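Both complexes shown next keep subunit A, but they swap its partner, so subunit B is in the first and subunit C is in the second.
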Partner chain A sequence: MNRNRSIMATKYIARSSDIAARMIGGEMMIMSPIDSTFFTLNEVATVIWQAADGKTPLSEIIDDKICPIFDVSSDQAKEDSESFVEELSKHGILLVSDQPIESSSRQEPAR
Partner chain B sequence: MTLMQEMTQRALERGIPLSAHFDITYRCNERCVHCYLDHDDHGEMTTAEIKSVLDQLADAGVFFLTFSGGEVFLRRDFLELVAYARRLLFNVKVKTNAAMIREPEARRLRDLGIENIQISVYSHRPEVHDAITKLPGSLNRTIKAIRFLKSQGLRVTIANVLMKWNLHDHTGVHALAEELGAIYALDPTITPKIDGDTSILDLRIPGEELGRVFRIEKLVGNVEEFCAPPPPPGADELDSYPCSAGHTLAYISPYGDVYPCVQFPLPSGNVRKQKFIDIWQHSPELNEVRTITARDLPVCSTCSHVGTCTRCPGLAYMEGNMRGPSTADCEKSFQRTGIPSANMLRRAGQAPAVPLIQIRPMTEQSMNAELLPS
Partner chain C sequence: MTESSIVSANALEIVIDIGHLPIQLRMHDAAFHELLSNRYAGFLSSNSIAEAVLDIDLALDPKITDGDVEVHIDNGHWVFQRADFAAEFDPTTRVGRIRQSRNPYSIDTALRILHGLLLVREGGFLLHAASAIRNGKAFLFSGLSGAGKTTISSLIPAHATLLTDEISYVRREDGRYIACGTPFAGELARLGSNASAPVEAAFLLAKGPANRIDPVDVAEATQRILRNILFFAEDPAMVKTLFDSACTFVEQVPVRRLTFYPDLRVWDMIQ
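Right, the complex of A and B next:
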C-alpha cells in the first residue's frame, strides 16, 4: 500500500448544495457558489463528482468506480483525484472531511 | 474562447436550451408607464404545474434559469418555487422590483443560493421613480430592500431603463448603485406591449440623447472603440445567428406559452398541452427561427452594421417581420457610429419625411442638389 492509499482512506467528499450544475452534451457543467467560476468535468471527474455522497471514502470511489471502468492504475487515479478534489473544494464545489459528511450540506446528483 | 463560450457553442450544436426565462406571474404591485405587460391574471400555472415545468427544463438541459414577472413576490409560492429550482441545481436569477423584500426574504434568498437579483430603479429621485412606477414610496422601499439583500452578501444588479421621463437621471442612479454596492446596468430599450400595442414607444429617448449616452465613458468603456465605424462584415458574420432566442434560450409565460424570448412573443407551443422538450425540438415556429442567419435578412444583410448591430429579431417580429430590421437597433447603430443603417437609407429613399431618421442620406442626387444655385 502506498502513501496515497493511507491518506485517502480517511477522506470523504460531498457535493455542495450551493452549486449549480447540469450535464450538457456529455460533460458536467458546474458553477462555483463562491466566485461564480465555471468548471466542466470530464467523464472520470463526473463519475467521482456523482459518487461524492459524503459517506463513501474517496479511495473506495476510486477503487470501485474508476479503476474497473477506466484504463488507469489505482495509484495514478488517486494521485490525480487529489488535485481534482483540492481544486473543487477551493471553489466550494466539493466538501472535504476526514469524517462522513452530514446530508444537510450535500446535494443530490445533477441531471 | 472562454469555457462559457465553449459550453454555449456545444449547447447550440446539440440544440440544448442552456437558458430559460420563466415569467411566473404578470400580476404586479407597480404600474410602470413603460411596461409591456397586461397585469390581469388570465389563469396562471399552479405550483404543481410550475414544478413539473421546472423538472422538464432540468431534463432538457437548462442551466441558467431566470424567474421574472410581473412581480414574482406576488406569488405566495415564490420562495417554494425557488427552493425547488435550486434543488434541481439551476443557476437562478431573479428579476423583481424588490418592494416586498424585507430581511427574512433576503435571508431566505441567500440560503437558497441565488446567483443574482436584478432590481429596476428608474431614478435616484423619489418623485421621478415613483411617478414611473405609479407606486408612492416605491423607491424608498426598493432601496431598503437592496440594503437587506446586500447585507446578506447577495449580488444585486440595478437595471436602469432609460426613457423620456428619467433621461437625465442615469448618473444619479449609477452613483446610487455604487453607494449600495450593486452592479449598474443601463437599458435604453422600450419595447412594444406583448399584445403588439406600440403606444408606449413614445417614451423612447430621442436619438440624439442616445448618441450622448453612448459617449459616456463610465457607461460604455472605451468610447472610441464603442463608437467606431463597423468593419466590413465577413462570411462568419453573415452566417451567424442573430441572438440566442430559440437557439439556446426559451421563454415561458405564466400561462405556459413558450416563445423564443420574452422580447420575441412568437407563440411556439404551450406546456399545458405538450411536453416542453417536444415544443423545443419540434415546434415549427422555433425551427423557423433557427433557420435564419444574417445572410437571410433581406435588408440587414446589405447593411454595413450587420456584423456589429444589436438587432433584436423579437423587436423586428413585433414590427411585422422577424426577418426585417428592428428600427430601434438601427437607431442605436446610427447613434453609436454616425453611419445610417441600410434600413434608414432605404426608408429615406421611399419616404424622405420619415421622422425616425433625422438625417439626409448623402446620395449622388442630393449632393448635386446641394451644389445647384438657389
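Right, the complex of A and C next:
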C-alpha cells in the first residue's frame, strides 16, 4: 500500500449531489454526470457508498462496516476501499476532503 | 432566442407528428415545403396545433452532411449544429429555428436531436434499435452499427409492422412504455410506419449460428440500454434524467439477449 492510500483512509468521503444512482435487482448502479461513465458496485463498494455521509472518515467505515461483515483482512479492505474511492472521486461521484463535508454538496443514499 | 420569428406570418407550414409529439415546421420556400411534405408523408398531421415550432431558414450553401453533431445548452437554450446546419431551440417557449441548406438530411438530423431532447424531459428516449409491432405488442431490437438491426428488419413477417430499422422512439405514457414509428430510416432506407404499441420486450442483438434468447442481468441490461440511447447533450441534469429513465425502463420491460441466425425463423421466437 502506498503512502497516498494510507493518507486517503483518514479522509472524509461523501456522495456527490450531482450523480445519478439507483439500486436495481440488488445492484447499485451509478453514472457520472461529468463524463457519463457507468459503474456497477459490488457489495463492499455499495456499503462504502451508502456510508459516505461526509461525516465519517473512510478508515472508520472500513473498521466498522467492512471488516466485521465481509471476510477480508483489514489491510486488504483498506487497499480495496481506497482504490475504489480514488476511482469514483476521479469521476466526480465521491467527494473527498480532509474535513467533514457539508450536507449541501452530498446526496442521500439511493434505495 | 427571442420570440421573434425569422419566418414571417405568411410562411408555408407543415406539422410532422412523430411519437405523439407534433412539431410544426415553417418556411418560405415552396419547393422545400413540397420536398418535406413528400418525405414525411406518413407522419403529417392535419391539425395545426403543435407542441414545438421550428422555423427553417434556407440560408446556407449545400455542404456535406458528414461530421459530428455538436449539442450544448446556452442560457437555457438548446443549440445543435453540424457543418450543414445550425439550430437553436428555446425549451420554455418551444420555439426554435434552423439555418441550413436545401438538404433534407439536415432537418432530418435536427428533428432527431429535437425529439431526443424533448423526449428525455418526458421520461422517454431515442434508442439505437429496430422496432416492430406484432400482435399488438412492440418489440425492440437494440444494438449499435453491425449488430443486426437492418437484418432483422428485413426479415420481418408480412403481418408485423415495422416501426423503424434504425432509431426507436420510446416514450412513457401512463406509467408504461410505448414504441412509436419514425421516419428516421437506416440502411433499409424504408420509413417506419406511423403506428405505436406498448413495449413487450427489448432484445439486445447478436448474430450467431443459431437462434436463442438468453436472460441478461439487470446491470448489463441497464448499461447496454444506456449505451444505445441517442444522447446528445452532456448536461448533468439530462444525464441524471436519462439514467433514471433507463433504470425505470429496465425495471419494467424484460430485456433479453437475442442471438440470431439471419433467416426468417428468428421471428418464430418473437411473439
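The criterion applied here is as follows: the second predicted complex is superposed on the first by the 103 of 111 C-alpha atoms of A that agree within 3 Å, B and C clash if a C-alpha of one lies under 4 Å from a C-alpha of the other, contacts with A are read in each partner's own complex, and residues count from 1 in each chain.
Going forward, contacts are C-beta pairs under 8 Å (C-beta built on N, C-alpha and C of every residue); 3 or more make two chains touch, one makes a residue touch a chain.
As the structure is a computational prediction, the values presented were derived from the model and not from experiment.
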Combined model on subunit A: subunit C and subunit B, fit or clash: clash
Subunit B versus subunit C as contact partner of A:Pro33, first or second or both or neither: both
First (subunit B), second (subunit C), both or neither touched by A:Gly25: both
Subunit B versus subunit C as contact partner of A:Ser83, first or second or both or neither: neither
Residue contacts with subunit A in the superposition, subunit B compared against subunit C: B
Partner chain(s) touched by A:Ser17 [first = subunit B, second = subunit C, both, neither]: first
Interface residues of subunit A shared between complexes with subunit B and subunit C: 18-20, 22, 24-25, 27, 29, 31, 33, 36, 38, 40
Complex contacts: residues of subunit A adjacent to subunit C: 18-20, 22, 24-25, 27, 29, 31-34, 36, 38, 40
Partner subunit B, residues of subunit A touching it in the complex: 17-25, 27, 29, 31, 33, 36, 38-40, 107-108, 110-111
Subunit A partner contacts - residues on subunit B that touch it in the complex: 3-4, 6-7, 10-11, 13-14, 16, 18, 58-59, 61-63, 87-92, 113, 115
Residue ranges of subunit C touching subunit A (in the complex, touch as defined): 217-219, 222-223, 226-227, 231, 234, 236-237, 239-240, 243-244, 247, 250-251
